[in-house]
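Structures given as structure tokens follow.
In what comes next, chain A is part of two complexes: it sits with chain B in the first one and with chain C in the second one.
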Partner chain A sequence: MAPKETTTNSNSNGMQEFKLAVIGGGGVGKSALTVQFIQNIYIEEYDPTIEDSYRKHAKIDDKPVFLEILDTAGQEEYKALRDSYMRTADGFLMVYSVIDRKTFEEVNEFYEQILRVKDCDKAPMVLVGNKCDLESERVIRIDEAKVYSKQLGIPMIETSAKQRLNVDESFALLVREVRKSLKSSDEDQLTKKKKKPCSIL
Partner chain B sequence: MQEITLPRTSSTSSLKGSNNTPSDGNTACTTTTSDTTQRGRHQPSHHSTASLAESEIKLGTNLLNSNTTRKEYRKQNTFRNLMSTSSNDILEEINSPASPTTPNDTLSSTLLMDPKVEEMISLISQEYPSFISAEIDGKMEWEKDYELRFVLGPSNLSRYLGDEKFVQVKAFLFSKFLFIGKLTQTDPSMGGREFRIIRFDQYDWTVKGLADDSSFINAFCLKLEGESEIFTTNENSNLKKYWLEQLRRILDIPTFTEKQMQAIRENIQEYLEESTYSLEELQEYYTEPISELPQYQDLGETCQVIERKGITQGVQYATLEKVFQLLTDPHENDGDFLFTFLLTYKSFTTSMEVLKFLKSRFNTPPPVGCVDFQEWKRKLFEIRLRICEILYAWIHNFFYNFRKDLELQNETHHFINDVISNSKMIKAASIIQKCWNMKRKQRETFSAQQFQRQQQQLEALRRQLEEEKSKNKTSIFKKLFNFNSTSESESFASASLSISDNTEEQLMDSSMNIARQMCVIDMEIFNRIQPKECLNQAWSDANRRKNAPNIFNFIERSNHLAIYVAFLILNIDTPKKRAKVIEKFIKIAFVLRNLNNFHSMRAIMMSLLSNSIYRLKKSWELVSQKRMVQYKELEKLVSISANSKVLRDAMKQAELPSLPFMGILLSDLTFFEDGNPDERDGKININKRYQLASIIKRIVEYQKKPYDYPFHDCKTKWSNIYMAGRYTDDDLYNLSLEQEPRQ
Partner chain C sequence: MAPTFNAQLPIPPGSNLFKLRSSLSSSGNNSKLERSEMELEILENVKIVKENFNSQDKIPIRIGFTKKNVVENVENLKDSVKPYNSVKLFENSLGYVYEDHWNVEEFRPLLNSTLISPSSLPVSASLEESQPEAIPESSKSETNPPLETIPTETIPPSEDSSKSNSEDKSKWRNRILEKYPVIQELQERIYPLWRTISFGEVYNAGQKQVRENLTEDVVLNILMQHLRFEGLKRTISELEKETKRKYLDIDVQQSLLHGLAKEAVKKTERLHDLVIFDKFQHSANVQKNKNSIMKALEESLNDLGINEYGHVTESEKENLSKWKEIVGGQNEIVHVDPVKKYEQFQAGTLNRILEKLTSLTTDQQSSLFVDVFLHTYLSLISAETVLNRLIQKCKNLPKNHSQESKNNIQAGILKFLHYWMEQHSQHFTNNMIAKVQKLLNHENHNNSSPKFIKLRKDILQHIEQGQSTEKKNPSSVNVNYIEPKVPMQKIFCETLSLDDIDEEEIARQLTLYEYDLFVAIGLEELMSFGWKRLKFKHRCPNINKLLIHFENVTKWISFSICKPKSKNPIKRCISICEHLKKLNNFNTLKAILNAFEYGEVKTLKINQSEQANKMKFQQLMSEESNYQEYRQTLKESSEENTSIIPYVRLHLRDLFLVEENQNDFVIGPNSIEFINWMKRESMYDIVKEIKYFQSLPCYQFTKVYQIQELLRNIQIE
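On to the complex of A and B.
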């Protein structure tokens, strides 16, 4: 196998450091979600060309964490890019738009691909239904999404990047998932179970 | 006068006893190459040339008897006559005894003389005798046939050094560079002069006029990514206008050519000389009764200007009316603003509104209480010239706006032929009309049809593969992979003959030949991309095949290459041989990187990093150490960590010709669009449009310099790899599992 990109989960200060990928079809509002999360106070200009435009320090459950958001919005059509980009990430926000059924159906494809890339049967993921402010145009009911997320065994949340609703919450949910999986893989190693821990961790 | 033989060994003796009078034109010089690290993406990657792209050359003080072979220098007495009085003032200042001579002025020894620089210096010395001799360490890279063409100057400008400090400079504009000379302030012991050559063809410069404020009056800004050169014209706003006009022309923002402009000005001149003393006489210059024209209201400073580090960067927010005013202000000759406006106006107004405003501004009546009609007429023609320039640039560069809009076509036709033509601007009207006729004859350059045909073929091949798959459920999957499988759908059979499914056959040519071929083919596709495809995320919505066919095609090219590369690897049955194929592709990717083709390099890396290839443990173990080192390097290059910093930097520093990894530019366009408001408090976010336009301008820059490698002697073709697009990721993954089953 080709040498792996090493994924560190803590930086030199011992602070947790996660790479979170925002995944979803074109037009689901991924980029808006990322921008809203990175800029929690209203800053007039967003410049995506600089190094820090996708990084953020956050405190989740009273524990500080350094997050790098991997968002390739605009590059969705580079299909062959996905594998390597998924391999780099520690956790995934799988975003669909509640007003576009196609984007909801695409989630399964992403889900399968993530598991294949990670080469294991579980990875930290959160299902995110964006654009929930557009109630009148909604085609994906929250119940339907909940049933589906239960099937996948992952949490789900509805957001509105436009109204800044549940933006931070969705990322916090994912950080918790990543932490959970870290912990369980540690336990795996401690108890020397034969089960192979996820390759990312 | 003594003769100099170059390179000189020493000129120490001649430097002694120098004399600072301006008439003594001979100047020994010393050269220091300036800092070279902070340049933009056109910077040559080799330091030796980079340092020369913008050299600061310190000239020693004037030397009474110093050496020269150039007879132009002897013309010094006539040079003085050529200069304006104000220029002389500066000259006196620069040549004042404030510059002491020291025996240190000996650095000119053993320096090479670039013939082009020599020619330039002699040209300048005709105008400005104190800059007599200069030498540059090494060679500048000029095009063979570059003819030094003097454009404008000498002008007295002030160069802004930050912290409200200015330095007086003498500026000359040549067709490809700006030459700025000044007194050496930084090192008084040198007592010399310094000059700086800014070569426009090596950096991404843009030019902007700056609004007058407390720190700048009559100022303009030459802007490179991340830094600015701000100049203030010392005389008047007209000088600023000339500089902007000429700089804009040089920086290739296409409006009228110099020759056309001259013809138009000559045409107007006779009317300007005619005396106009009354409103009745002025009426002759209007196509409508003056009394019925709406008054023009100057909105003044109703826009929000952004400042960064104390430097005015431009307008950030403005109302639509203010945007129109800025656009048509004859003194705000900002080419960047014009390009940005014409590219993006559809996001905040309509073509018809723009035309309506241009018309009404063209017919601006004299202000209430105006008595000096002669003066008003002069002003009016300046405004009208600007309107004509805008209209010309609009038609010339953005004709697609007119193509399907009959009403707009009619109105524009009326404007050119009834209004402009009948307002004593017949020359301008005829030039614009000529451009219009030419554009109308031209077809859109899209090869959308060809692209569509490819897509149809691909669809048919995909269907065929699906059918075969369902028919042969029990057969070994691998057998389905045959590009040349004879199919019943004969219509597409011929096309499938032009791509090889035999790995060894396909990789017969040298890596260099294959890489070069890819460069040429990729560039052909890339060059079709139109600015309008880059807006409103046209490439990612459902109508992308219609609205952004060329961007889509360019992306598809890299997807198909990635699939084809994976296929050629997976097509081989033994790990040892597969390792050889992987090695070959690492080498090709490495050559592509050196040829600055980030597009195909990225596609091959995508393929090697895709699951189907990445998991081939047995094969990767057999890849040679040497290739593995290169692979690691490329893997770092394409890493998306830190916002793809490594790849971004490499792309910026690459010399042209180059092909970008378009994905990064598309992401930036997406985030600039989604991350910034379109307007605020009813004011349009102009800065956002500037940012979008700046990325699109980069694409246009790449398109200007194509690869020109010959590849007709290549044994294999890489043009039809779209045929590989029939296979899905799943197909490849299954093939991968078959070659190296899961353990």
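On to the complex of A and C.
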């Protein structure tokens, strides 16, 4: 497991490379969020078939990182695919829409599935409440989402893909989470290595 | 006192309520009752809603009462008369409180009042005092109960009752209702409306703004408008008297209540979904009658005036006016590349686009333009709208033009029409063909240019041909069909299972099965986006079948791998994968690979050579770099001119992302909305690819009926 991790997480230049998956119910604005993040300006033309339409170099906390973003839009109904992309991704942006309670309730399903597929009790995730510009139609209050995210032990942020509010921040938050989890898993391994000889002795 | 109330609010003699009352004859006095259609009318209106939603388990919709369940309710009452306050309140997803009618009706004392004669009730003095104010308040609250909790505060505390106020308050409603059965009857009448409101709440229909504005006054007014529309003036005046609210005239030519109910049906996404339940997908009866069911639904929707085609166009009239041109104004945005001398049309009004479509130039660029339009217009406007526009254009030629230019315009339109009919004959309904014929016969008289006459003849000929031979079967009989590999001993056996069949043959049969579905995917399916938009689900049956099959294959493979008895299942699957790869069936290949990602399968041990083989395929279909490797392979194999089934889901996703992420309209100068042509072009690129794969020669295998049946009914035990 350990050697595989290192190969997937850094390329030949030693730059970190993360695969991030954007997940959530239908119509929450996953692809809008992704497109906004990848392309800095809102453009009329958008070609999803181009190979690097989901790849981006970014500098987060002064450390360069290469991000590949899995936009799962358009296939969320089909659960057979979920396991596949959940296994490959390093971090997850769990998006719900603040104007649709159903999508908020679906987050839990995703959360549990991720932990099950990843087979661990913690995975780098960020809870994202999208469409926060639609204040008048809001049904999920921010404090409610905060309480919920605290329960899950993950950070949360509200975004607006339309107004490009907190879009970069949400991805930066996730990258930090991924880095944190890598660090802690490294430390785990280190302590194990240290312990081993002791136990033999 | 009670009889006078009865006289003021007549009960329709035909209603169940009436029947029940007379059968129970508890109140006795019904001589003064008058006929009023009010209740029946309301029931009728809300029936639409009911019919379409009664199968949804979550929604508490049941309107009106049958005699049976009223009697049941009454019987329940005899055992225990539960107070009204025990009605349970539920919070819906919007945080609104409403009564869950399914639960309520179980124990609700529906006809409490009709059973207990008011005079026999011991009435406390304090309540009698507070009664005049309380009646309007309580009846008012009935019109709009879901929006508020029971408004205990709204009762004005009368001076005399102030002593016992603290305990009386909670049961005021119960007592009032017991004392004045008429209020309860009024409530019964408003009940359907009440249902409608809570239905709206559950379905989150409408904006918050609307919800805020929909106060009881408004609701009452809408109700009264409906009564007025039905000509029930007396009932209105009674209602006005009761509620102490004046009817404010709404100047609408039709019943607003009716209109709103219609709107509610129209807005909901689930309407079509409910008709074609996925769970009945395999039920033969539904399958057989599906077309007639869909037809009946579309027809009844048409009757209601709900006919949407293309998600942008809600009503065609509205859109036609929206696309009204400003004469002489700019009607297009063109990007000109000065170096290459290339003009890129970026956006334009519908009229400008039609003008370009019907121009007589025949260079490559303009034919591409026509193709782009014909492949993608369905997501924006209906075929009928386009045709109407063309006919309009053909008839109203600009007067200041010379006869020759007029002829040219008409010839251009005919040329376009001809091409359209030739390439996309399935877009034309009988109605539209009749319109075309009418146009051609009409224009016969004043246009005599040879070009025009020739085109006219061509089109009429085409229509005739199309009608005589509805389906052209391109059944290219090929002699070189490959003999299927069938286990001869078992093929006619009832216990035949997919495990008995050779891997290669499974791959072939899977491919044949999916190829039929894939080739059947039409433009109108792609342009409806029905695989993502529940509302239009019925418009893309083949896509849905294909996607469901995809899912089933994944489940079946993962199941067969985990099955305890099977020997070397992984090797078998990988062998199937190899054959699928050879056949260029990327869709099934991905479905099988997905099975390996299932948690249960993942835990199984795989030996190294198998692992290497599996990785090879997984890399091919991996989502890395946006399916770079798959796209590359697809490109290479498509050049070989052999049959291909692409990974359909990816192409559908690409198409949907274009639809989602680009605007249909751009705002041009003078703030006119231009159709975003760039979007059409990017959609065309994707659609063209799918169409190209469909046009490739089909697979040269023979279908084996028994295996096809097994695949059709892949069942996971």
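Note that the second predicted complex is superposed on the first by the 181 of 201 C-alpha atoms of A that agree within 3 Å, B and C clash if a C-alpha of one lies under 4 Å from a C-alpha of the other, contacts with A are read in each partner's own complex, and residues count from 1 in each chain.
We adopt the following convention: a residue touches a chain if its C-beta (ideal position, glycine included) is under 8 Å from a C-beta of that chain, and two chains touch if they have at least 3 such contacts.
As the structure is a computational prediction, the values presented were derived from the model and not from experiment.
**Student:** Judging by the criteria at the top, classify the pair chain B and chain C on chain A as clash or fit.
**Tutor:** Pair status: clash.
**Student:** Based on the superposed arrangement, let me know which partner A:Ile50 touches: chain B (first), chain C (second), both, or neither?
**Tutor:** Once the two structures are laid over each other on A, A:Ile50 reaches both partners.
**Student:** For A:Leu70, is the partner it touches chain B (first), chain C (second), both, or none of the two (neither)?
**Tutor:** In the superposition, A:Leu70 touches chain B and chain C alike.
**Student:** So, does A:Val117 touch the first partner chain B, the second partner chain C, both, or neither?
**Tutor:** Touch status of A:Val117: both partners.
**Student:** Mind working out whether A:Arg101 is in touch with chain B, chain C, both or neither, as first, second, both or neither?
**Tutor:** The second partner, chain C, only.
**Student:** Scan A:Val139 for contacts with chain B and chain C and give back first, second, both or neither.
**Tutor:** A:Val139 sits against chain C, while chain B stays out of touch.
**Student:** Of the listed segments of chain C (59-67, 473-481 or 563-571), which one clashes with chain B in the superposed model?
**Tutor:** In the superposition, chain B collides with chain C along 563-571.
**Student:** List the residues of chain A that touch chain B in one complex and chain C in the other.
**Tutor:** 26, 31-32, 35, 44-54, 68, 70-71, 73-75, 78-81, 83-85, 87-88, 116-117, 119
**Student:** Please output the residues of chain C touching chain A within their complex, sorted ascending.
**Tutor:** Listed in rising order, the residues of chain C that touch chain A are 93-95, 204, 207-209, 532, 547, 550-551, 554-555, 591, 593-595, 597-599, 602, 622-626, 628, 631, 649, 652-654, 656-658, 660-663, 666, 676, 678-679, 682, 685-686.
**Student:** For the complex, which residues does chain B have touching chain A?
**Tutor:** Result: residues 316, 537, 539-541, 544, 552, 555-556, 558-559, 562-563, 603, 605-611, 613-617, 620, 628, 631-632, 635, 638-643, 645, 648, 663, 666-672, 674-677, 687, 691, 729, 733 of chain B touch chain A.
**Student:** Any idea which chain A residues touch chain C in the complex?
**Tutor:** Residue list for chain A touching chain C: 26, 31-32, 35, 44-55, 68, 70-71, 73-75, 78-81, 83-85, 87-88, 100-102, 116-117, 119, 136-137, 139.
**Student:** Spell out the part of chain A that touches chain B in their complex, as residue ranges.
**Tutor:** Where chain A meets chain B, its residues are 1-3, 5, 19, 26-27, 29, 31-32, 34-35, 39, 44-54, 68, 70-81, 83-85, 87-88, 113, 116-117, 119.
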